[in-house]
């Protein structure tokens, strides 16, 4: 650990921000096209973020500010840990549990700040978001657990590297097809895309946790959202779709995966939160458990291509 | 100093504190602080004499690393909580009795952890049970104390049975020898094992014995709940530890049916642990009272500890042992924070307060950090230990248990956030406008526990080194530790670096935040309400039925307490029947039964000879 | 408002205004009948997202307060409340004749005839109702004004707060009752 | 024969206690039982054509023909004790009558069975 | 060295004397009770022949460790009872003195018929004492059952006599051992019934609820500790020493003990009246002791009897006083009673905890011995049942204790103002006695091995039974 790590880390943050924000802009266009609209400019997301950063803001006390900083800080730290095409700013810290729980710091910070605003809608939104998290995380974690057991490694980078060199057949999503489906469904939940976006329902609870944010706080939230999206998509990409041997492959796969979720989301209605829980605990959980049992007891999918 | 003398001194000091309290309540409270700190210092200094064996009359002691470790955990909880005692004395109905029992139960735990034989262990175990049962009744509920005592008794009786059974086979009570004679008879061994660990399960609040925790933790005096959750529950972990080490469970059950390499009885207990994680989590989510909520979280965390210890391997075991410390620190701190709030507001109901952060910021931070640790989020201690448990589970491929562990982990975000949001964040109630932060003396233990939690998360190896010693003494391969790194088969964790990177991210965010223009401060009531005018903070606070949609999914689930109520009603019904049948007022009834007994004797003598 | 003022913005402010102009988020205060014209403006036929515009859930997030119809004394109070909650720079767009002069309800005892007595309206979109074309046109004008730094109603409101406050109080009176059922 | 009769008496007494609620009759039942037992004891000690167990010059030669003296001693004691108990029972019976005005055990105690 | 006959003769003589000394009878009683305790220290061990005929021809008294233990318990608690309730005891001086003689006789005698006589003396005094409860119907019930029991006992005795030709216990024991066990079934039943009435065992304990449920501080203590302790000692003497049954009959005996234990605890569990809780708990403990005797485990049984007698003495005395002062003994209405009587409360608590087998109290040593004895006999079922029932016992006692200590509504902090008012349950002497007894429980519990050795002193108990577990010797992995 030396200064270069931190420089790399910073550069990763900048690069990720630019990449993901652009991609978000493009995906806004994709959504618009699905709706037969022209859509926003590809750089619209940047404009939105910078505009928000430019505006004045209101604060509801120190925890409102502190939570925002803690959220962004935690999320940025997590981003630094994500291995991108074999590159890690801090090698060896890409343990999947570390990533998934460090992600929670950001979420907790955001939740804290939102609830600290004193607006009940924010609390309702946070409550829904946490419920949503409980719903999608269990099936996903079971599949990831199976993977760790099967490959004897909990390092995201290593798990990604193991899938490379065999083309599509090497991907865990293909080796563990049920697990792959679970992962994509869970990704929709993680990203808060439809049909799992009831926690930011704008008309019902005035965008939930975001209700009191304006100005730079809102800008922070947007940046945070970009980073969070990157972490979540990267996690699924690395674990189930082989990451990328090169940065270009990685970006391409990433874009395809992310756009895919956007497209699914574009044609979906919205689940109520309890429906989301029920859904996740019915279909994906069953698939995840079946997948886990198959892999643990038969080794099918792990050894079959070896 | 020998343990017996040490314990005798503690008992004498306890008696002294009784009389001091009788003379002056506040002074008595401070006496408990002094005595418990003295005990902590003594135990800390005892690290060097590990390995010694002592006996005093019929009590036998042996100083082991694991006993030392547990004692430190326990005394940390006791000594830190004791700082609250002086301020609650005036609310106690028996302040002198409280202080006396507080110190007696503390001495009892030390004696139990350093016990060299099972009789000593049992004696001190029961001492703790009754002394704490009499403390709990001084809180909000008498029923709680009753439930606590009865469920503890279930465990104690089973353990006594196991001890005596083992004694009848091996002829000794000495912990390290008593169970070894059982290897020849797996059937007896199974009975002994299950009966012995029962007290651990009931103490840790493992399903189906978890019902006492919410009752007792929730209604014990506010100054005792931290000890209960942070300390006494860990006695169960000690029993679980003995069950797999002193009782060489993996060896004795080596020939039995194995599930993923785990002998079936142990796997079954792990499943119970998993079940308690799930039940603890689900129940914690729907509690309305902060202390009850934390109590259910103790149930869930007890599950992690049990699973970790039962794995008895390189990684998971270390995780379980470390989680015990982390949970003790975090849970004691969280309970203390709630106690501090209750001290100022007089309630622990989450829907009756809000926005305490604006009045008690330090308490808020204490609570925040402890719940972060409890939920297993870096960079706090709880993360490291949960990480170890996860790694151990992944290593063994225990899918269902791991699923429960994940459920508990994610679910804990839900329940720890609820008091955070309802009590500390949100609207400040009109009633609590003039509430102040607690004084330094009460703040001190909370801050110390918080710093310890943080230290455990950043430098976990300090604790893990002790754990490796325990692992060595238990005869298993210790977890591999490098300078700041914990190495497992599936990967490694450098908690310090994680912390630094987290700090780095935080610093960037902070800089980004302060370079932008300062925000306009507005009041809490100035929030978006669809332009509706609301002037009552209580109405603008979301705290009741926080997770209503989620709770609806399982609100019809059966309640374990009903099972106990049914058993209790069944016994009472039997009693009623007996009373009516045998103890009626008239001689005729008795004569009839005498004649019936005569028939039985006649048959016994004549027919079934 | 005052259109002939010299452009004395700093470069940073100019950049800021550029961002503001290209990302205009609105809070619709949907009174009266005007709101019905917004969905077509938003959806595929006219697609205002092209201009970087969009509806927002709360005034905290929004830049523009869009008032789509006549205001009564009761609704004005809420409009003012919402406006106060917005973050600067913030803009007010009056939509339809009602906000200009009270529209067809001009002679009612409860109708607010002139919105700019109470809030600093940057732009009126006249019509009863204005069609989406007119709306888009108005938005384009607003964007242009923001970009040039001409939409300065929020500064005007700050500078002449007493005047606005007095008008507001004259029209609405003090709020006295404070419980959950009254304002 | 007498033995069986005495056992029968015991059973009759027992039946009496068992079947009646009248205090006095219960006491009578007890007495019948005692009577039965006493007779039984005598029969145990009885030796056909036996002599009275009194040490006298005449009887020295036929020591084996004594009626068992112990049984008779027992009966004497037992009768005394039985007397005492009957007397005490009657006292209680009076007390019950004084308190409840009845000899019916079901009515005494006012229906409360404790 | 004194002749054990004196322990019977002196009280009996004083009993007649007290009829004459109307004014001073209280002092006579006290003197006799004291003398009885003092004499215990100087009694000559061994066999005493009465009337010049040696056993098995004559009547003899046997003073062994077993009898001494019984006499010590009964005598001490008798003295304590007299001390605690002197005013009440005075009225019953004559009766009590006769009872003391009877009890000592019961414990000392070596002759079955003599035992019958002493039992009847004791029983008649008990009927009289029970009438202090002002409920003659219960006394009458007791009397009827007692007479039926004594008739049965007599019948059984005579059957045995006809079979063996002796009434001497030692001789009987020798002869009965060589007999067909099945032939003993009927006499065993008859004798069992006779003793079961006094020992409160199922099926013959029907009188207990009425009598003990209405007891006062004197009678409760006497019935629950002195009488029942003596009766259980007699039970042990007969069924563990004289008539050793085996096979199905033994199983039936054990089963009856077990049923008494289980049913007693279950019935106690549902009570709300303190005295009823205690009386059913007494029944349960009697069952346990009987069960142990029937199994042949004398030492643990003696421990159980001692532990139960002392604890029940403290508790029944307190319960009786509570009823006298507060007019009720429903513990739900007595919340926080001990707040004003902390010393008595502590004594009561120690006794109750000892009964439930909390370590460092005497009850724990008793329980430990019971378990060890069973386990040594490779019996695993009975200990499990005992422990489960001990749990039930713990449950109702802790419920009682909590309520008595802590006033206030459920769900609220304790409210000192809601505590049942009233201090001074006892006069100083009574309080001292009760407290000293509870301290004795604590002391004997702290030094269990000494207590155990003391109880099984030199000669050992019948059958050579000794402590099945010696805590000091469990060190060092023997």
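Labels for the chains are A, B, C, D and E, by order of writing; each one numbers its residues from 1.
Heads up, the rule we're going with is that contacts are C-beta pairs under 8 Å (C-beta built on N, C-alpha and C of every residue); 3 or more make two chains touch, one makes a residue touch a chain.
Source: prediction; values computed, not measured.
Chemist: From chain B, what is the lowest number of touch steps before chain C is reached?
Modeler: The fewest steps needed to get from chain B to chain C is 1.
Chemist: Shared touching chains for chain A and chain C?
Modeler: Common contact partners of chain A and chain C, which must touch each of the two, are B.
Chemist: In contact with chain C and with chain D at once: which chains are those? Just list them.
Modeler: Correct list: B.
Chemist: Please name the chain that ends up farthest from chain A once chain centres are defined by their CA atoms averaged.
Modeler: D
Chemist: Where centres are the averaged C-alpha coordinates, which chain has the largest centre distance to chain E?
Modeler: C
Chemist: When the contacting C-beta pairs are counted for B-D and for D-E, which pair yields the higher total?
Modeler: Of B-D and D-E, it is D-E that has more C-beta pairs in contact.
Chemist: Between chain D and chain E, tell me the centre distance in angstrom, where each centre is the average of that chain's C-alpha atoms.
Modeler: 29
Chemist: Counting only Cα atoms for the centres, state how far chain A is from chain B in Å.
Modeler: Chain A and chain B have C-alpha centres separated by 35 Å.
Chemist: Round to the nearest whole Å and give the separation of the Cα centres of chain A and chain D.
Modeler: Once rounded, the distance between the two centres reads 96 Å.
Chemist: Roughly how far is chain B from chain E, going centre to centre by Cα mean, in whole Å?
Modeler: The mean C-alpha positions of chain B and chain E differ by 42 Å.
Chemist: Could you tell me which residues belong to chain A and also touch two or more other chains?
Modeler: Chain A, residues with two or more chain partners: 56-58, 206, 211-212, 215.
Chemist: At least two partner chains per residue is the criterion; list those residues in chain C.
Modeler: 58-60, 85, 87, in rising order.
Chemist: Could you list the positions in chain E whose residues touch two or more of the other chains?
Modeler: Only 137, 144, 148, 209-210 qualify.
Chemist: Chain pairs that touch, all of them, please.
Modeler: Pairwise, the chains that meet the contact rule are A-B, A-C, B-C, B-D, B-E, D-E.
Chemist: In the complex formed with chain B, which residues of chain E make contact?
Modeler: 137-138, 141, 144-145, 148, 152, 181-186, 188-189, 192-193, 202-210, 247-249, 251-252, 256, 263-264, 266-271, 280, 339, 353, 356, 358-360, 364, 367-368, 371-372, 375-376, 378, 380, 383-384, 387-388, 390-392, 394-395, 398-399, 402-403, 405-408, 410-416, 447-449, 471-472, 474-478
Chemist: Please give the residue numbers of chain B that touch chain A in the complex, ascending.
Modeler: For chain B paired with chain A, touching residues are 260, 355, 357-358, 361, 364, 368, 372, 375-378, 383, 387, 390-391, 393-397, 399, 402-403, 406-407, 409-411, 413-414, 417, 420-421, 425-427, 489-494, 497-498, 500-510, 512-513, 516-517, 519-530, 540-543, 546-547, 549-550, 552-553.
Chemist: Could you list, by residue number, the parts of chain E that touch chain D in their complex?
Modeler: Residue list for chain E touching chain D: 113, 117, 120, 124, 127-128, 131, 135-137, 139-140, 143-144, 146-148, 150-151, 154-155, 158, 161-162, 167, 209-210, 213-214.
Chemist: Within the complex, which stretch of chain C touches chain A?
Modeler: Residue positions touching the partner: 16, 19-20, 22-23, 25, 43-44, 47, 49-50, 52, 56-61, 63, 85-89.
Chemist: In their shared complex, at which residues does chain D touch chain B?
Modeler: Going through chain D, the ones touching chain B are 14, 17-19, 21, 26, 105-106, 109, 113-114.
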